[in-house]
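Pasting the structures here.
The same subunit A turns up in both complexes below, where it pairs with subunit B and then with subunit C.
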Partner chain A sequence: MDVLQLLVSGLANGCVYGLIAMGFVLIYKATEGVNFAQGDFMMLGAFICVGLTNPQFMGLPFWVSVPVTIAAMGMFGYALDLVVIRRMFGQSQIALVILTIALGFVLRFIAGAIWGHEPISLASPIAGRDVRFGGLVLGLDEVFVIFVTILLTVVLWLYFNRTKLGVAMQASSQNQLAAYYMGIPVKRVHSLIWALSGMTAAVAGILFASKGSIDPSVGLLGIKAFAAAVIGGFGSLPGALLGGIIIGVIEPFAGRYMPSGYAQIMPYLLLFLILVFRPHGILAQVHAKKV
Partner chain B sequence: MRTVFKTSYDADINMFQHGYQFGWYALLLIIALVLPFYLGSFWLGEMTSLLIWSIACMGLMILVGQTGQASLGHAAFLAIGAYANVLLQQRLGLPFLISFPLAGVIAGICGALIALPMARLHGIYLAIGTLAVTILVDDFIVIAAPLTNGVQGLFAPAIEIFGLTIDRYRTPMHFYYLALAVTLLVVFFYRNLLRSPLGRAFAAIRDSEISAQAMGVNIARTKAISFGISAGITGLGGALLGHYAGIFNNETFNIIISIQLLLAIVIGGLGSIHGAFFGAAVIAMLPQSIAIARDNLNWLSGSRAFSVPGMETAMFGLILVVFMLFEPRGIYGRWLKIRTYFELFPFYRKDMFRRQKSYLKTERMR
Partner chain C sequence: MNMTVTAQRPEVEAGEVVLSVRNLESFYGPIMAIRGCSLDVQEGQIATVLGANGAGKTTLLKTISGVMDPEKGEILYQGQNIAGANPDKVVRMGIVHVPEGREVFPLLTVAENLRMGAYTRSDAKGIVEDEEMVYSYFPILKERRSQAAGTLSGGQQQMLAIGRGLMARPKLMLLDEPSLGLSPLLVKEIFQIVRRLNKERGVTMMLVEQNAKVALEVADYGYVMELGRIVMADTADRLLASKDVQEFYLGVQDHSPRGSKRWKQKKTWR
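Moving on to the complex of A and B:
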C-alpha cells in the first residue's frame, strides 16, 4: 500500500513535470527554439489563477477563473511572440535560449512584485479531498492531475498529427523556407504555438498550485521539467509525459530508499546518462531523411 | 581611416596590428597599475572582483565565443577550481604558488573528461548536458561533506608568496595586483591561442563543423581540448574567487552563476577578449550600480518606492533582453560600430554590420 501511495504521488508530480515539459516540446516541435522561461510561464499561470480565485485577491469562482487564466496565458504567449520573440526569427537557437532565460528573470520579478514572495496555495475545490479505492486513500487533486494530463496529451497529440494547423506547425519547423513556399504563414504559426504553449503552462500551473503552494521562484522547476523533456525524447509529446513521469516517480522512491542528498541528484544523473548513451531520448524523434 | 599595409605573412597574426594599438593597450596597463593608489578600499575590491570575473569570462569565452559550444555549466568549474585550490592548501599543505596552477589543471582535466562523452552532442543538447553537470557538482559538494565540509563551506586561508601576505581585507592592494597578474597571464595565453593553429581550428569548428572536418580538424578531440582549456581558465578564476569570497560553499557556485556567466559574455560581445572584460564589468558592477541608483532615487523621492526585492536580477534580465533584441553583438559590437562610423566618417552605411538572415531547418532529420 505504501509503495502504491508513493507511486501515485510520484505520478501526479510527474504529470506536472510532464505538462511543463510538453510546453517545451510544443515550441521546439514547431519553431526549433527552446523556451527556457517555460517554468516561469507555469508560475505566471498559477499566480494569475491564484489572483483571480483566492478570496484575499479577486475571489471569483474557481470554474470561472480557470478558463480566464488559460485564455490570458494564451494571449500572453501570443503577445510575447509578437513583440519580442519574433524579432529573433532566423537567429541561432542559443540566442533564443539566452533571451528566454533573461525573460524568466523578468517574469519572476514581476510576479514577486504583484503577488509577493510568500508561498500561496490556490483555493481550489479539488484540494484536500480524498478518494478511496478499496483500502487505498488518494488525494482527489492527485487523481485529477493525472486525469487532466493524460487527456491533454492525447488532445495535443491528435492536434499535431491530425489537424491541418498541427501539420503546418510541424512543417514550419522541419524546413522554414519550404514551409513558406507551401504558403504557410510561418511567423503567425509561431505566434500560435507560443499561445498554445502558454495555455499548456497555465494548465500545469493551475494543477501545480492546487496540489501545493507556489512562490515566484517555483519557475526553477522548469529545469527539472526540461530534464524530463530530454529524457523522454525532445520533440515528442508522449515522450515529454513519459520523461516527466519517470522523474516524478524516481524522486519519492529515491528519497525513501536512498541516503539523503541523493534524491535530488537522481533526475540529473538520469539525464546525464541518457545524454551520454542515448542522446536523443527514449522516444527519439531523429529520423533518417528519405531521399 | 588607418590602412595597415601587410608587408610580411606575420602581419596577419601579429599580436598587435599596428603601433598605435600597442600604445593604447600599454596606456591601459599603466592605468591598471597605478589605479590602486587612487582608489579607496571599496572600489579597489570592486576592481579586483571585476578582474576575477573577467578571468572566468575569458574561460567561458574560449568555449562559447571561439569554439561555438554553449555551456551552462561553468559554475561547476569555478567550484572545482575553488575547492581544489583550498583543499590542496589545507589537506596537503601545498603553498599557493603550487596549489593555484594545480587547481586550474584539475578543473581543466575535469572539463576535458566531461567533454569526451558530450562531444557528440551539439547546440541545445550540449547546453542541457552542461546544465546537468552544474547541478550534479552542486549536490555532490553537499554529499561529499567529509572532504568539502558540505553546506558549512570552506574557509580560504590568506595567501603567502615569498613571505608576502595577500589577503582580501588586510592587504587589498596586494590582492588586486595578484588578480591583475593572473589576468594578464590569461590574456597573453588567450591572445596567443588565437594566433596558433589550435585557435584557428576552434574558429573553424565554430563557423562550420562540416567544413572543419573536411579541412582535417579532429572535431571530437578539438572540442575536448577547448572544453579543457576553458574549464582550466575558469578554474583559475574560481580559485581566486574562493580567496576573494573568503568563505564559500556549494551555494556560492550555483546554477544562477552559470547562467549569469553565459549572459555576461553575451552582453559583453561573443568572440572577443574585450567582450569578456565588458561582460565581467556588467556582472561585477551592475548589482552595486543598481543599489546605488536605487538609494539615490529613494533619497530624491523621499520614499522607499524603489526598494523592491529582486530588482537586481530583473534589471539584469531586462538589460539582456534589450541587448539580444537590439545589439546581439554585445557591448564590444556596439563599440566596433561606433569606431567604424568615425573611422570612415562620411561613408558609414547602416547595413555594414547587418547579419545575414537564415532559415532554420530541423535537426531531427538527418
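Moving on to the complex of A and C:
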C-alpha cells in the first residue's frame, strides 16, 4: 500500500513535469529553439489562477478562473511571439536562449511584485481531500492531476492528428520551407504554437498549485522538466510526458529507499545516463534530415 | 538585351499571357542572383527555363512564388503585380511552387501531405475529389496513402510533391527540377504525367530544368538563363535545333572536317 501511494504521488508530480516538458517540446519542434522560461510560464499561470481564485485577491469561483487563466496564458504566448520572438528571426540560437532566460527572471520579478514572495497555495475545491479505493487512501488532488494530464494528452493528440491546423503545425515543424510553398502562414502558426505552450503551462501551473504551495521561484523546476524532455527524446510529445513521469516516480522512491540527498540528484543522474547511452532519448523521433 | 527577347516571338500562336516577368532583380544576401530578367508564360503552355547551376533559375521561381522578395521589377499575374506578395496569397491566386528536391513533410502520411497542399482551400468536397484525381494520375500514391512520406522512394516523393501542388488547384504550376536525382525511366514517366496534366487539366507549367533535352521535348516554349539573365528565347523545337543550345546544353559535339574537335566555341550571345 505504501508503495502504491508513493507511486501515485510520484505520478502526479511527474505529470506536472511532463506537461512543462511538453511545452518545451512544442516550441522546440516548431521553431528549433528552446524556451527556457517554460517553467516560469507555469509559475505565471499558477499565479494568475491564484490571483483570480484566492479570497485575498479576486475571489472568483475556481471553475471560472481556470478557463480565464488558460486563455490569458494563451494570449500571453501569442503576444510574446508576435511582439518579441518573431523579431529574433534570423538571429543565432543563443540569442533566443538568452532572451528566454532573461524573460524568466522578469516574470519571477513581476510575479513577486504582484503576489509577494510568500508561499501561497491555490484555494481549489480539490485540495486537501482524500479518495479511498478499498484500503488505499489517495489525495484527490493527485488523482485529479493524473486524470487531467491524460485528458490533455488525448486532446493534444487529437488536435495534432485530426485538425487541419494541427497537421499544419506538424508540417511546418517538419519542413518549414515546404510549408511556405503550400501557403501555410508559418509565422502565424509559430505564434499559435507559443500560445499552445502557454496554455499547456497554465494547466501545469494550476495543477501544481492545487497540489501544494507556490512561490515566484517555483518556475526553476523547469530545469527538471527540461531534463524530462531530454530523457524522453527532445522532439517527441509522448516522450516528454514519459520522461516527466519517470523523473516524478523516481524522486519519491529515491527519497524513501536511498540515503537522504540522493533524491535531488536522481533526475540529473538519469539525464546523464540517458545522454551517455541513448543520446536521442527514449522515444527518439529520428528522421534523417536532408542536407 | 533581355528587353528585346520578348519582342521577337511572334511565332507562337497567341494564348493569353498569364505570367509576365518584367526586369526582375533579386538578391541572395549581397549577391545579385536575378539581373533584370523578363519573360512571358502563356496560358495552357509549358514554358521551360534552362540554365546551368547558379544561373538563377530557382531564385526566379522563389521570387515568383513569394518566398523571396524582389529588389526591383514586376511580376504580372493575370495583369496584377504580385511582386513581393506573401506566399499564401500567391497560392490562393492560383500559382503553386513545386520545390526542387521534393521537400515533402517526412513524418506526415502521403494523404496528410496531399491535404496540406490544399491548406488554402476550404471546400471539403472539392478537396476529397482532388485527392482522388491526384491518385488517378499517381496510382502508387494511393497504395501508399497511409505511409509516412519520408519512407517513399525519390521518384514517389517527386510524384507526391507534384500531387501536393495540384491539391491547391493551381492555374500555374512552377516546377523546379523535377528530374533531379531520378533514373531516366522515372524522369520519362514524370514528364509524361506533367504533359498530361497540362493537356487534360489545363495547368500552365513553368518548368525549370538542367536536363535541357527532356525539358525541351516536353515544353512548348523555352528560355535560356545565364547569370541571372535570359539570353535566348524561342519555341522549344527551334531551341532544340539551335547550334548554341546543342553545344552548351545538350552536349552535342561539333567535329570539324579535319576530325579533331574544335577546342572552344564562342557563344553567339556574348
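By our rule, the second predicted complex is superposed on the first by the 287 of 291 C-alpha atoms of A that agree within 3 Å, B and C clash if a C-alpha of one lies under 4 Å from a C-alpha of the other, contacts with A are read in each partner's own complex, and residues count from 1 in each chain.
Please note the rule applied: contacts are C-beta pairs under 8 Å (C-beta built on N, C-alpha and C of every residue); 3 or more make two chains touch, one makes a residue touch a chain.
Remember, it's a predicted structure, so these values are computed and weren't measured experimentally.
Undergrad: Mind checking subunit B and subunit C on superposed subunit A, clash or fit?
TA: In the arrangement built by aligning on subunit A, the partners subunit C and subunit B fit side by side.
Undergrad: For A:Gln93, decide between first (touching subunit B), second (touching subunit C), both and neither.
TA: first
Undergrad: More residues of subunit A are touched by which chain, subunit B or subunit C?
TA: Of subunit B and subunit C, more residues of subunit A lie in contact with B.
Undergrad: Quick check for you: in the superposed arrangement, does A:Gly183 touch first (subunit B), second (subunit C), both or neither?
TA: So A:Gly183 only meets subunit C here.
Undergrad: With the two complexes superposed on chain A, say which partner A:Phe133 touches: subunit B (first), subunit C (second), both, or neither.
TA: neither
Undergrad: Is A:Ala168 contacted by the first partner subunit B, the second partner subunit C, both or neither?
TA: In the superposition, A:Ala168 touches subunit C alone.
Undergrad: Could you give the angle made at the Cα centre of subunit A by the lines to the Cα centres of subunit B and subunit C, to the nearest 10°?
TA: 80
Undergrad: Report for A:Ile101: first if it touches subunit B alone, second if subunit C alone, otherwise both or neither.
TA: first
Undergrad: Quick check on the superposed pair: does A:Tyr268 touch subunit B, subunit C, both, or neither? Answer first, second, both or neither.
TA: first
Undergrad: Measuring by CA atoms in the overlay, how small does the subunit B-subunit C distance get, in Å?
TA: Closest C-alpha pair between subunit B and subunit C: 6 Å.
Undergrad: From the superposed pair, tell me which subunit A residues show up as contacts to subunit B and also as contacts to subunit C.
TA: Touching subunit B in the first complex and subunit C in the second, residues 174-175, 177, 180, 285, 287 of subunit A appear in both lists.
Undergrad: Quick check on the complex: what are the subunit B residues that touch subunit A?
TA: 70, 117-118, 120-121, 123-125, 127-129, 131-133, 135-136, 139-140, 142-143, 255, 259, 262-263, 266, 308-311, 313-314, 316-318, 320-321, 324-325, 328, 355, 357-366
Undergrad: Which stretch or stretches of subunit A touch subunit C in the complex?
TA: Subunit A reaches subunit C through residues 164, 167-168, 170-171, 174-175, 177-185, 285, 287, 290.
Undergrad: Looking at the complex, which residues from subunit C come into contact with subunit A?
TA: So the residues of subunit C in touch with subunit A come to 65, 67, 86-88, 90-92, 96-99, 101, 103-108, 112-113, 115-117, 119-120, 150, 164, 168.
Undergrad: Which positions of subunit A touch subunit B when the two form their complex?
TA: Touch list, subunit A to subunit B: 31-32, 34, 84, 87-88, 90-91, 93-95, 97-99, 101-106, 108-110, 112-113, 117, 173-177, 180, 216, 223, 226-227, 230, 234-235, 261-262, 264-265, 268-269, 271-272, 275-276, 279-280, 285-289.
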